[in-house]
Amino acid sequence: MKRAQRNSVLVHVAAIVTSVVILAPFLWMVMASITPQRILITTPLQWIPDELDLSRYVQIFTGGSEGVGATFRAAMLNSIIVAVGTVTISMIVGILGAYAFARLKFRFRRAILMTFLASYMLPQIALLIPLYLILNTAGLLNTKTGLILVDCAIVIPFVLWVLSNYFMTIPEELEEAARIDGTTRLGALFWVVLPAAKPGLFAAIMFAFLLAWDEFMYALIFTSSDVAKTLPVALSEFAGRYTTDFGLVAAGGILAALPPLIVAVIFQRYIVSGMASGAVKG
Amino acid sequence: MVRSKRENQARLAFWLLIPAGVAVFGVIVYPILRTLLISFFEVTSALATDTPFVGFNNYLEVLSNSTFWASMGRTLYFTLISTSLELCLGLLLAGLLNAKLRARWLFRAIVVIPWAIPTIVSAAMWKGVFNAQYGPLNAMLSQLGIIDQYQAWLGDPTTALNMVILADVWKSTPLVAFFLLAGLTAIPNELYEAAKLDRASWPRIFRSIVLPMLIPSISIVLVLRTVEAFKVFDIIYVMTRGGPVNGTQTIAYYAYTTAFSDQNFGVGSALSYVIVIVILALSAIYLRLLRRSEMSLL
Amino acid sequence: MIIKNARTNRLTVGIGLLSLGALLLSGCSLTGASTSNESKEGDGTGAINALFMKQAGYSEDNVNAMIADFESKNPDITVEPTFVAYEALHDKIVTSAPAGTYDVVHLDVIWPADFASKGLITDVTDRFPATWTDEMLGGALTSAEYQGKYYGAPWGPSTKLFYFNKEMVAAVGATEADLTTWDGALAVATKIKAAGLAEYPFSWSWSQAEALICDYAQLLGAFGGAFTDADGKLVVNDAAGVEALTWMKKTIDDGLTDPASITFLEDDVSKSLSAGKTAMALNWESTFRDSNDASISTVVGKVGVLPTPAGPTGEHPGVNGSMALSIGAQSTNQAAAWKFIEYMTSQSVQEQYVTSSMTNWKSSYTKTDLAASNPEVFAAAGVAYDTMILRPTVANYNSVSQILQVEIQNALLGKKTPQQAMDDAVEAANATIG
């Protein structure tokens, strides 16, 4: 009993230490975003500034074309459109494909799945040059459509893998009962498998969203203006009115991290249940 | 009867997989062939119309370049250190995530944060943390009396590379931990119970139950993180831009500068192909090794 | 290789054949660039996109004010500006070129050779008024010229000036006269350090970036050297080139230069000066404006500015950091783009924003009322623009600069002797210049 108690205390201490290590740099970034630049660059560092400065957030939310505000808001919108577009397409395509992998018997099933997964190993840099030239010929350079197209190629293999693993854990009897009643395979997929696969679906959505939101290299090369530029690219080019103000980068970074953070915290409990079988049978 | 049912299934599978196949391989197959083609020509501008055929010269140029080999070495170092750190810390963290904790949901929500933060944001954040003028790392260490002068953490090639690794570990360990946690929760409780009845020690339980059951998860994470680490670009782009003295120039960043800063698209393509070959070789070795270890453990 | 099923196999082969076919059809060129010569002139109206640099020189506010004014004078043209950090500007111009995203791009003096030889910017020699060649400063003109042709209009000359913290310099009993030579500046720095006024009196932009080459160029000039010889070959391993580097390394060893300089860009140097940590530094003209902005500076009114100090030869050329505006090669609205460039680079507009960037019109410098609006910088810059040192004008400048950056840093970090580093740089760079 005593030993169990000591273990429990140890585990809690470890969890608290871990939390501090994870949160500390992030909290500093939050502080930096509301510390005036004049104070931010002084030594010794004032951990808690004697004066708060919310002007960067004001600038980002209301600033016109004279600051980073307009670019940031355009990029936020672009990122949302690209991420939502990519997730939607990848989920639809992925659900169909994953069902085939999980339920249907056909030759080289495993080999085809492996080919999909292997495509993830190709470094983006190897596709960058011709994709860039092709998108240019197709008039898709600097467009959100072009970006969604190339992002889907990254996200779909992941979705296929997570979903096909999850579908396999759903008892086949459920589906068979429905099919005896005359439902088609696709009908069974929609009315029986999907409702039972919620954790897997949520885990897949979360993965897909984070991947699409985080994508940098394609966006860096394929977009060049506010029309299609996504947040990661906008942030990498962030600079203040006169000099690069770290506080402004911090404020922009925090806002850019909010959508994926919200998605992750909400869906976090599905990662484990949605992946539980996935990781094992991969 | 059985045979035709099977054929039906194959036909359905074909139609179900076509959209995914087109969306993925439609974007990949043609570019990969075209990269191969471009790698045999001299292309010095994105608008070039005069592109002489140079055979294997671009490959020779890459392989005879000392900068290439240095970048390759650094990339391997980055991959090896960051992946092994993430795996070890990830295992510990997974155990912690799985432990009986008050407010476990809160802990899990905190751990998910670095994973959710976009790589660019986390790189910018760490660049700020390591800043030689106003970085909080300097402030903290000097206020604690550990250093008496502010250090340029990104000012020495070796230190800078290690700092970049640190940033990568902070960002990626939670992902690894959640993958392993998924594997951990799949271990039936009876196994632990049985081991406890046998009065097995924790290290023994870990070695003879947990680790073998986790091998599939570990192998996936290992391949995934190795490939990711080998492709590392965005952290470098934001934190150091390859400096100082090219000390953080990884192979992907080198390929990027060759193609898009120096506008040497032919050599850049050849370089990309070399990277593909290395990654495929690395993954093949990995999978083979793991398959062997899996068999010996089971 | 993984064996696929027959159907997928057929599919893959199909896609492969299709793509090869498409490649052959589009086969006019490997890059997909068209060779057609249709007019890209446009009708002189409509929307144009312009790519600008942020930070030094004209601020975003300045540029936006100029655009607003231009649009009110030319109601049938609208200008959509995009601002990127200097470090991202070169690659952005490259990657946006084929799509023709930008009608107007902001050019650094080191790029005309690169972009012009690769066809990314438009030859505007026919539009370029002959009188401009006489009316503009020679140093500024080079920012838009390559092999006798013009590829844009100069938009402000620029060089690095010498900034110093007046309080610190006065506290050790030194005057501006002591800061006219690098020897003098070193002596003052030693006193400032001894007096404990600054841990490291100097800071520099010596990170692995173009900024390093700018600082080196200025010191190279002071030691009487040049980057290239008459044949265009790099010669920085000669006496002057090595001496300049040896001097840089010595200031680090003597504790006069902030060792963190190796991670600094100009912006960090400006911050260090503004935070009162640095006593002396080289930086662009607009640093004076920034150091006097109370929202980001703690040394308002305490910063002085001089031309760059002289070396042992008595020479003190500033690095030529002029900029220009060019028309993107794929722009389909070139007439309107040129109208905009003409307006932005005009003498009256440049004079109006002279606190941000100096003008490249010679006659501006004889106007006393104009000099009075920014007297300190005018005094320093007037001298500096007399002689400027040019970085190599080679088509693959980017690679040459990369090589130099790495080797200079190798010497600064003590990994190579200055002579060894420069020998290696010259060997590698001349191999790529070919």
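Structure notes:
Order as written gives the chain letters A, B and C; numbering starts at 1 within each chain.
We adopt the following convention: a residue touches a chain if its C-beta (ideal position, glycine included) is under 8 Å from a C-beta of that chain, and two chains touch if they have at least 3 such contacts.
Quick caveat, the model's predicted, so the values are computed rather than measured.
Distance between Cα centroids is largest for the pairing of chain B with C.
Between B-C and A-B, more C-beta contact pairs are found at A-B. Once the centre of each chain is set as its mean CA position, chain B and chain C turn out to be 35 Å apart. With centres defined as mean CA coordinates, chain B is found 16 Å away from chain A. Taken residue by residue, chain A touches two or more other chains at 41-43, 106-107, 112, 118, 132-134, 136, 220-221, 236, whereas all remaining positions touch fewer. Touching of two or more other chains is recorded for residues 5, 8, 31, 95, 98, 271, 275, 277 of chain C.
Residue positions of chain B with contacts to 2 or more other chains are 10, 14, 21, 25-26, 30, 34, 38, 46, 133-134, 150, 260, 265.
Listed in rising order, the residues of chain C touching chain A in the complex are 2-6, 8, 26, 31-32, 49, 51, 54-55, 59-61, 64, 80-85, 88, 92, 95-96, 98-99, 101-102, 267, 270-271, 274-275, 277, 286, 289-290, 293-298. On the side of chain B, the complex with chain A involves touching residues 6, 9-10, 12-14, 16-17, 19-21, 23-28, 30-32, 34-35, 38, 46, 93, 96, 99-102, 105, 107-121, 124-126, 128-129, 131, 133-134, 136, 139, 142-143, 150, 170, 174, 178-183, 185-186, 216-217, 220, 227, 230-231, 233-234, 237-238, 252, 255-256, 259-260, 265, 268-269, 272-273, 275-276, 279-280, 283.
By the touch criterion given at the top, residues 8, 11-12, 14-15, 18-19, 21-23, 25-26, 28-29, 32, 40-45, 47, 89-90, 92-94, 96-97, 99-100, 104-107, 109, 112, 116, 118-134, 136, 149-150, 152-153, 156-157, 160, 185, 210, 213-214, 216-217, 220-221, 231-232, 235-236, 246, 249-250, 253-254, 256-257, 260-261, 263-265, 268-269, 271-272, 275-282 of chain A touch chain B in their complex.
Those residues of chain A whose C-beta lies close enough to touch chain C in the complex are 36-38, 41-43, 65-67, 71, 106-108, 111-112, 114-115, 118, 132-134, 136-137, 141-142, 220-222, 224-226, 236-239, 241-245. Every residue of chain C that touches chain B in the complex is listed here, in rising order: 5, 7-8, 11-12, 15-16, 19-20, 22-23, 28-31, 33, 35, 87, 90-91, 94-95, 97-98, 114, 118-120, 199, 207-209, 258-260, 262-264, 268, 271-272, 275, 277, 329-330, 396, 398-399, 402, 405-406, 409-410, 413, 415.
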